[in-house]
Amino acid sequence: MKVTIRVRVWNEYRHERSNPAVKEIYPDGIHQTIARALREDGHDADTATLDEPEHGLSEEVLRQTDVLIWWGHMAHDEVENAVVERVYARVLEGMGLIVLHSGHYSKIFRKLMGTSGGLKWREADEKERIWVVNPAHPIAAGIGEYIELPQEEMYGEHFDIPAPDDLVFVSWFAGGEIFRSGCAYYRGQGKVFYFRPGHETYPTYHNPEIQRVIANAVRWSAWSGGAKPQYGHVPVPLESLSGVEN
Amino acid sequence: MKVTIRVRVWNEYRHERSNPAVKEIYPDGIHQTIARALREDGHDADTATLDEPEHGLSEEVLRQTDVLIWWGHMAHDEVENAVVERVYARVLEGMGLIVLHSGHYSKIFRKLMGTSGGLKWREADEKERIWVVNPAHPIAAGIGEYIELPQEEMYGEHFDIPAPDDLVFVSWFAGGEIFRSGCAYYRGQGKVFYFRPGHETYPTYHNPEIQRVIANAVRWSAWSGGAKPQYGHVPVPLESLSGVEN
Amino acid sequence: MKVTIRVRVWNEYRHERSNPAVKEIYPDGIHQTIARALREDGHDADTATLDEPEHGLSEEVLRQTDVLIWWGHMAHDEVENAVVERVYARVLEGMGLIVLHSGHYSKIFRKLMGTSGGLKWREADEKERIWVVNPAHPIAAGIGEYIELPQEEMYGEHFDIPAPDDLVFVSWFAGGEIFRSGCAYYRGQGKVFYFRPGHETYPTYHNPEIQRVIANAVRWSAWSGGAKPQYGHVPVPLESLSGVEN
Amino acid sequence: MKVTIRVRVWNEYRHERSNPAVKEIYPDGIHQTIARALREDGHDADTATLDEPEHGLSEEVLRQTDVLIWWGHMAHDEVENAVVERVYARVLEGMGLIVLHSGHYSKIFRKLMGTSGGLKWREADEKERIWVVNPAHPIAAGIGEYIELPQEEMYGEHFDIPAPDDLVFVSWFAGGEIFRSGCAYYRGQGKVFYFRPGHETYPTYHNPEIQRVIANAVRWSAWSGGAKPQYGHVPVPLESLSGVEN
């Protein structure tokens, strides 16, 4: 059962163009680095960015997207509500969504979670160790007991999210905090995975283990083939009511 | 440790004034029936309705509300977004919220769930049997193995909600459907309970077992006394970074 | 990524030999019917039965089993504890386990759940309708909104299990009960799926939709490729303790 | 609604008698320190120890116990299976159980979890910071954003437990590990809470915040008043089957 998953990597793509330090790490943008890794993993990966018309996420594009990856940070507010609603509708009807790092404050993530997405943060070049807490989960495939990142931005609890349906990773930070770093959710017919690491000033998305987690999440979050539920008025009961009424 | 919980029962209060059949069952409105039962259970219960200024839910009122109960149906769209945001903020900071029946489509419930709240429905005077699936949960206290309602509106799956943190009740309907009827959630510092029964044309809220569940949910959802998390920038690490960096 | 999953279908295989009515439905035994369907789905499916030496589940056999399917009923007590321990150890190290119907009272299921597995039951040829409550879950792939079985044994709540990590199906029964029918669990590096239908006097395992669910569960429960955790003493810290101690 | 909860604090009580360093910290045993704190919190707290007849846990004693607290370490194997079965049965019928620290390897905890209880450990006097990840949960009442313990034994992931029904605390350790430290479960009519800290060579149970968590867990885990489910044969359907059969 060979299935090609059509992935669309969305990036705000601002830091890379305005900050030389970021540009050096991601010359073509974070989205291209992620998309290349996914292509090497056998997926059909395209990109889209904030400053394209409709942020590169037209109805047509989304219709042909199985899994959308989202990286945003400094311009969450510039994402048009109409596009957010469009992505939201597609997730509920089965499109996978992988929200990375600072996407915790994106409109789409907060809308799907129903919470603020708040957390603590600090940029101090500190070590992060991402521990697997569910070794049976497919998103942990091919990863050791933990992933070590020599330098990352710190995110600390409380992370204001609903308890994940599956908690896959928890991060340790040198400065004393912990964080629920890999959080899997079912929403409608769709699936959402939040994955913490990936501050723009570090080469995190060049790390093969991080790439592997994202590729695993792509496979996990793609539509599984369930039926589309029917909502609304169903006037005719499936069973005769005469025999069971009192 | 005697604690008085300040409950506010919010009702759209339209059906009762426009439909004589509903008025006969709830002459003062659904909110008054529920509030009376809660007072008899020892709570400090007040009411608020859609057509009051600010829908009866000013900042001041919400500040003095420990648990808000929500019944709405035909006028979800008339609830002002500013009030929805206000209630939402209060839930995340610890106010309990109990959403009843057709409140599944209210703005506040959909915002807190991150899903559409969609479901199947039918008005056919059919029997509902609400089974306890978690007998250890405090919201099932004092209830037998099930609650039987001779006539109710049917709600059927798929119910488009996140999987509850605790699933307490599942309903059987004579017409052939089932429904996750009692769903408990943590959101931020707050708690949310969705409880299915209560169509306006049936005397459901006069039923002592239904009243008991609502009273249980009030106790469960009231703020537990946890600390308010601090979100945002924490520039100073809790631990010295020199010793652990590489 | 074509993977052949090695499935072993274990059956008590007593009813089929002692009860002509059952033999008529499953002439070669329930195990053969299930194994045939899995082979048609592309899996490498073998069988094992209670009365074989070591119940057909030697260390060697289990070592070569990716997913074990379990059907037992009248002879749970005859399953040797040593074999139960062996299966248990294999699940924790990554073997998938699918427990069918009356297997809710098997030693292995109760051991993995930590609860009694108790439930209500009735043989009354009554209709079962198995509703999908998580349409995004891979075990619901290819199934409509529900599966209808014209006649089955009834199982009713309370079902004494831990709340599933993923609740996929809930059954409606004509006689008035509901039941959590499709329950997915992570245990150690392994996965467990309980699937309710399949009383020996009904042709349930000939039903293509039931076969599809079992095949889906095989794929879901097979080992995902995560790392084997190391347990026990780790005397050397990953970080120097000098810099962070007080 | 003033309810007196009858707590029984069970302790292996061996380290305190054989190791002078432990005796100095807990002259009367860990159980007495915990019981005293609970009495000050208004509970009716008694104790029981391994070397008493029936380990101090006769049928009669358990019958009069609402919540059992369990501390064991070096002598898990000496706990008689009959007593384990007795405690197990009481939990499923509603008794609360709080398992502390090295109790992760106790027979009763492993039996209730269905997993090995495995973890990593290290005795290196290292700092533990226990973060609240669910500030809405009653077990986090009265606690700040974290509890800091200057020296504790390290426990590290993977912790081989089922995903908790509610994950309340996650620990950070100076040496580089994290651990799910506060794990709440429903089992049958009962509730179980696992709480990590408390190595015998540290004064952890004298810490007021740790005492507060245990007192919170006592209140949370005490029986809630739900109905006792009936299991087994229910030959008579609740609904007439004639009207709904096909």
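Letters are used for the chains, namely A, B, C and D, taken in the order the chains are written, and counting of residues starts over at 1 for each.
Assume a contact is a pair of C-beta atoms (placed from the backbone, for glycine too) under 8 Å apart; a residue touches a chain by one contact, two chains touch by 3 or more.
What you are looking at is a predicted structure, and each value in this text was computed from that prediction instead of being measured.
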By label, the chains that touch chain A as well as chain B are C, D
Average the CA atoms of each chain to get its centre, and name the chain whose centre is farthest from that of chain C. B
Any idea if chain B and chain C meet via the same residues, over half in common, or different ones? same
Just give me the whole-number Å value for how far the CA centre of chain B lies from that of chain D. 31
Whole-Å distance, C-alpha centre of chain B to that of chain C, is 36
What's the distance between the Cα centroids of chain C and chain D, rounded to whole Å? 30
Which chain B residues touch at least two other chains? 127, 129, 132, 134-135, 145, 156-158, 163, 165-166, 174, 176-177, 186-188, 229-230, 238-239, 244
Indicate which of the five shapes (line, ring, star, complete, other) describes how the chains touch one another. complete
Chain D-facing residues of chain C, complex: 92, 111-116, 118-122, 124-127, 150, 154, 156-158, 160, 162-163, 165, 174-177, 185-188, 229-239, 241, 244-246
Interfacial residue positions of chain C with respect to chain B in the complex: 129, 131-135, 145, 156-159, 163, 166-167, 170-173, 176-178, 180, 239-240, 242-244
Any idea which chain C residues touch chain A in the complex? 1-2, 42, 94, 127, 129, 132, 134-138, 140-145, 165-166, 174, 176, 186-191, 224-230, 238-239, 244
